[in-house]
Amino acid sequence: MYLSELTSRLADGFLVTLQLLGWSMLIATVLGTALAAMRVSPIPPLRALGVSYVNVFRNTPLVVLFLITVVGLPELNLLTGSFFWRAVTALSMYTAAFVCEVVRSGINTVQVGQAEAARSVGLTFTQTLRHVVLPQAFRNVIPPLASVYIALTKNTSVASAFGILDLTYQLSDLIEDFPGSLYWNFISIAACYILIVAVISGAAALFERRVGVSR
Amino acid sequence: ACGGDDSEGANVEVEENPEFPEGSTMAEFAEAGQIEIGVKFDQPGVGFMAPGADVPTGFDIEMGKIVAGALGIAPEDITWTETVSDNREPFLQQGTVDIVIASYSITEERRQVVGQTGPYYVTGQQILVREEDKETITGPEDLAQAKTCSVTGSTSLSNVVDDYGAEPVPFDTYSDCVTQLQNGSVDAVTTDGAILLGYAAQAPDELEVVGETFSEERYGIGYQKGDTEFCEFLNETIQASYEDGSWAEAFESTLGESGVETPEQPELDSCQ
Amino acid sequence: MAASNQSAAAPTGMNVAVGEPLVRMHGVNKYFGSLHVLQDIDLTVDRGEVVVVIGPSGSGKSTLCRTINRLETVDSGTIELDGQPLPAEGKGLARLRADVGMVFQAFNLFAHKTVLDNVTLGPIKAKGEKKADAERHAMELLERVGVSNQVNKYPPQLSGGQQQRVAIARALAMRPKVMLFDEPTSALDPEMIKEVLDVMTALAEEGMTMVVVTHEMGFARRAAHRVVFMDEGQIVEEATPEAFFTDAQSTRAQDFLSKILTH
Amino acid sequence: MAASNQSAAAPTGMNVAVGEPLVRMHGVNKYFGSLHVLQDIDLTVDRGEVVVVIGPSGSGKSTLCRTINRLETVDSGTIELDGQPLPAEGKGLARLRADVGMVFQAFNLFAHKTVLDNVTLGPIKAKGEKKADAERHAMELLERVGVSNQVNKYPPQLSGGQQQRVAIARALAMRPKVMLFDEPTSALDPEMIKEVLDVMTALAEEGMTMVVVTHEMGFARRAAHRVVFMDEGQIVEEATPEAFFTDAQSTRAQDFLSKILTH
Amino acid sequence: MNSVMFDIPGPAARRRQLIGTIIGTLVVAAILGWVLWTLWSEEQITPDQWEPFGEPDIISALFEGLLATLRAAAVAIVLAVVFGAILASGRLSEHAWLRWPSIAIIEFFRAVPLLLLISFIFLGFGSTLGTFYSLVLGLMLYNGSVLAEIFRAGILAVPRGQTEAGYAIGLRKSQVMRQILAPQAVASMLPAIISQCVVALKDTALGFVIGASGIVNTGESIYISPLYNNPLAVGFVLAAVFIVINYSLSKLATWIEARQRREGRSVVHVNDTTTGPAAGGIH
């Protein structure tokens, strides 16, 4: 009885967590990369915007961001309908700051000599970027990006306090019907998160090995 | 700053030099001239600490003052301590607080570990909706597919989800639920009527408690288990407040603000 | 090593006019902040000439080298290549740089590309050569520098000497008018120095115009037409290797030589 | 440079018996995984002798050097210092290491300590010398290597040549019986090589027992009593510098010398 | 000066950059304008939304909440340093029976969401621990595990040559640890430890879920009171407070890091050091 209920609720929660994770990952990656492009651009106001964004969102607790999007956005008549998208907004905006930093440092850890060598053989700006800088930056970015996604996975749990029925929500919800199930709830929910974390780091390792043959 | 127009609430009578049997709990309190009461801080109308205020307000608070008054303790000599749902029993057991008046439903399980007497108020699960929806949502039957907010892990939520097919939206506090109701993100909030009334009282034009209660919650006062003498005193005090009108006054100045009628005075359990 | 002489575009080889100025720097000044790293530099390198630049650390040798293909800009003065002033940017600059081969101290091979791709990237992308042509030419050059059996490896899998020789092949693949070498052997183990210097010496003998920053006095003696001694951003002395090593005029040069030659 | 001769414990100086074996390696083998880096090494270094070890990169020179003070363990064979086998661990090993001075390619000065503290740390902590005594001795040594005006600086504030000379002083402060140098000049700019080699030459002339891995053939010619040539983990040839440089017996040594001497 | 992305600009590039700067400024201004307009038109920048933050009672309540937050973070970090040091020495131990449990503990607490952990602790032991220590315990377990990795990395980041030089002058293992490794490791880890304080401080906000007092809790009590009903204003104020504190801490960390770089010392980064599946530092 408990077991079947546990599995079915974990499955529900797992699905919600995965959805949160998937959408936030996608949006944060796109937004974060755009911000990183701003941060390395030679245009001062865009650089300033990128820097401010990172400093603001990296230093704000995620809970406060959730508070602003979940309670505050409807006040502006934005996203009134959906808790899910408000949660995704908070998670994406927060995570984008970290993606931005990771991508930026991925670009910056490509040695200047590589770009100079590319310029020296007569490649233009776009060619240098496309054939030399970005492929190497991409490779530098994979491991830290995986770390960001793992942090994001864990951060999705904050949504459970803001109207979302994700994995973490099931912890207290199950106790209601099965008092005394706390330890099993915790262990099995933790196992679900560890599973996601393991998949992400496994995928990153695989990916890194494929693009990183030369090391 | 909410509910009553002044933070003192209704005027409570403070007994001058009450007489108590030597060595009784009441005598100790009266002697000390102070008492520590565990209350909720986050339920407007019931037990609520406004930001920046130093004393809470609400029906539970008024009941606390009545009890203290009977012990000869003035309201300003009461120490209000916040209790949350999970720590009421341990706080009583460890003596962190002297009594608990915190929307504390009387149940058999709780009576195994602490003393509970009353009820001084009987309520039940009800539904809070926006004023404009009071025609469309009139009871739990209308909650099918409706986004319904309550506190994470509460029975109230599983009741409406399992029995009436509501779409659950769990939050940490009822206040969050009410905020979401006001900004249109959820359609209904459900929990004890008393708590809902507290919110309705704060925004009588916007919010409405609808339908009959569909469960029974009996709020009691928690005390150290086994102190029958003190239990008797609490019962006498509550009974006296029924009779001298201070109970009704306490209700009207808090939960009654929303315009609901003052309910029947519930029959008290006897102390074993 | 006859291969490269056959390619019509290559300016190397015996049949090329020697003597007219190819690189001409005039009144060049360069600052890093308040540091005056190049002070009124006048330097002309003729077609087919091999110029070795020596001087103490921090004297501005690398900076000089890098201004010639505009990896550094100058604050005043002019630099001309083959009679044309350096373009400031864009396609023109890219084309100029294709005419100037550069070999770095740290090799700077593209870490994510194989040896062959390193050599063909420039010809294919910057010159629009066909892949097959570029690869054929690259194989010739790799053979010439002696690493043709390593073409499918990645740079970190090679020894330093091999990497530097690939870097030379990569620069030569653009059929440059002039080659710049910035301490090409100072990151190498001693046994590998020779294999790189041998390639460079052969190149010099074929008539390639070269500017070489190096501490290898043997190479300077053997291959240079002219030695330029720099100190504190200035060209202090210019002479034939012969004259310079036996009879340096300035005390700064004498002092430097005494440190570097006696061990 | 008379200072060190006065210190009674110092085994250097003219009044010390020259000729008896101080370091003796016998049948030493060492593997890294499946790589056989030291193969049946037999090597004896006499008191007062200066032995220069040369050989191609990866031939096992550093490993040989490091086994002598047991920074690397050996898989078979014996190593004796002054007639005693190397202790395997604990106090005994620490005491042994105090008798063997080591100078590394990368200097390895303690980055968080001043020059003076670098030199006195060993004497104070490992030998229990009094701080004042240790500092007096340290100042003598720092003067001797020519950096006595830098004693309160931190290592990163010094030039490479200065750092290496401090490292030599640090090793000498333990009054070692033998000094090991593992490519002490190969991380240095050319102008700084001489200042370090000069210190080493002086040390050799005073009679210090030294094992020196180096590519500086000038130093080997000038200061070595014996040259040991290693290749692929083996000692291929041993000879006086004279004999070795003019008339190497093995083709491997000839080959190596031809690479390293001609540029 | 030279960046990996861009060549040194010539006149045309500088002109393009100038145009880009102008357009960029306009775009940024437009974004800011739109945000302000939305806030204005939805009546979020009216005096009554912000008034409460002028009331002395509310200011002092927020201040007390902040103190509670800082106290929780401080206690948690101190405990986490101790816990982390124990775990790190376990993980660096030569004994497998010490190493493997340490690794398991570290990896487990780094992979489990902190919120889940705190809720679990509170639901299971909250009645004895109370909200404050439930929060502190959760923070300690998580941050301790991350710090353990930082400590380990700090020790390993001291170049090998330093250890060898220590041995070579006759120091023993414990002396090398005390005289050479520990002082350099602590210096190199300092920035990473400060960054972890930022993480801990942010995570302290999670305490509101179990009702632990703190500035977020205070803020919530402000906006849910119908008198004010100003969630956005509260959110902005809370965010501003955290940004000011955390930004200063981060600046301190970068300043120390820059100073150490200048002195030629190595610096440990939290994220460079992740060997296991979970990453610290980014929470």
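Labels for the chains are A, B, C, D and E, by order of writing; each one numbers its residues from 1.
Operating definition for what follows: a residue touches a chain if its C-beta (ideal position, glycine included) is under 8 Å from a C-beta of that chain, and two chains touch if they have at least 3 such contacts.
Labels paired with UniProt names: A = Glutamate transport system permease protein; C, D = ABC-type polar-amino-acid transporter; E = Amino acid ABC transporter membrane protein 2 (PAAT family).
What you are looking at is a predicted structure, and each value in this text was computed from that prediction instead of being measured.
Trainee: Could you name all chains that are in contact with chain C and with chain D at the same time?
Mentor: The shared contacts of chain C and chain D, listed by label, come to E.
Trainee: State which chain is most central when centres are taken as means of Cα atoms.
Mentor: So the chain sitting closest to the middle is E.
Trainee: Which two chains meet at the most C-beta pairs?
Mentor: A-E
Trainee: Compute the distance, rounded to whole Å, between the mean C-alpha positions of chain B and chain E.
Mentor: The mean C-alpha positions of chain B and chain E differ by 40 Å.
Trainee: Determine the centre-to-centre distance between chain D and chain E, using the mean Cα coordinates as centres, and give it in whole Å.
Mentor: Each chain reduced to its C-alpha mean, chain D and chain E end up 47 Å apart.
Trainee: So what's the Cα centroid distance for chain A and chain E, whole Å?
Mentor: Averaging C-alpha atoms per chain gives centres 17 Å apart.
Trainee: Calculate how many whole Å lie between the centre of chain A and the centre of chain D, each centre taken as the average of the chain's C-alpha atoms.
Mentor: 53
Trainee: Enumerate the residues of chain B that touch no fewer than two other chains.
Mentor: 172, 176, 179
Trainee: Got the chain D residues that touch at least 2 other chains?
Mentor: none
Trainee: Which chain E residues touch at least two other chains?
Mentor: Correct list: 2, 7, 9, 123, 208-209, 220, 223, 231.
Trainee: Let me know each pair of chains that touch one another.
Mentor: Taking the chains two at a time, the touching pairs are A-B, A-C, A-E, B-E, C-D, C-E, D-E.
Trainee: State the interface residues of chain B toward chain E in the complex, per the touch definition above.
Mentor: Contacts found on chain B: 1-2, 41-42, 44, 49-53, 82, 84, 86-87, 89-90, 172-173, 175-176, 178-179, 182, 202-203.
Trainee: Under the touch definition given earlier, write down the residues of chain C that touch chain D in their complex.
Mentor: These residues of chain C touch chain D: 56-57, 189-195, 197, 215-216, 218-219, 256, 259-260, 262-263.
Trainee: Inside the complex, what are the residues of chain B that reach chain A?
Mentor: Going through chain B, the ones touching chain A are 149, 152-155, 158, 168-172, 176, 179-180, 183-186.
Trainee: Inside the complex, what are the residues of chain C that reach chain E?
Mentor: Residues in contact with chain E: 32, 70-73, 87-90, 93.
Trainee: So in the complex, the part of chain A that touches chain E is made up of which residues?
Mentor: Residue positions touching the partner: 40-46, 48-49, 55-56, 58-65, 67-68, 71-72, 75-78, 98, 107-108, 110-112, 114-116, 119, 125, 129, 133, 143-144, 146-148, 150-151, 153-158, 160-161, 167-168, 171-172, 175, 182-183, 186, 189-190, 193-194, 197-198, 200-201.
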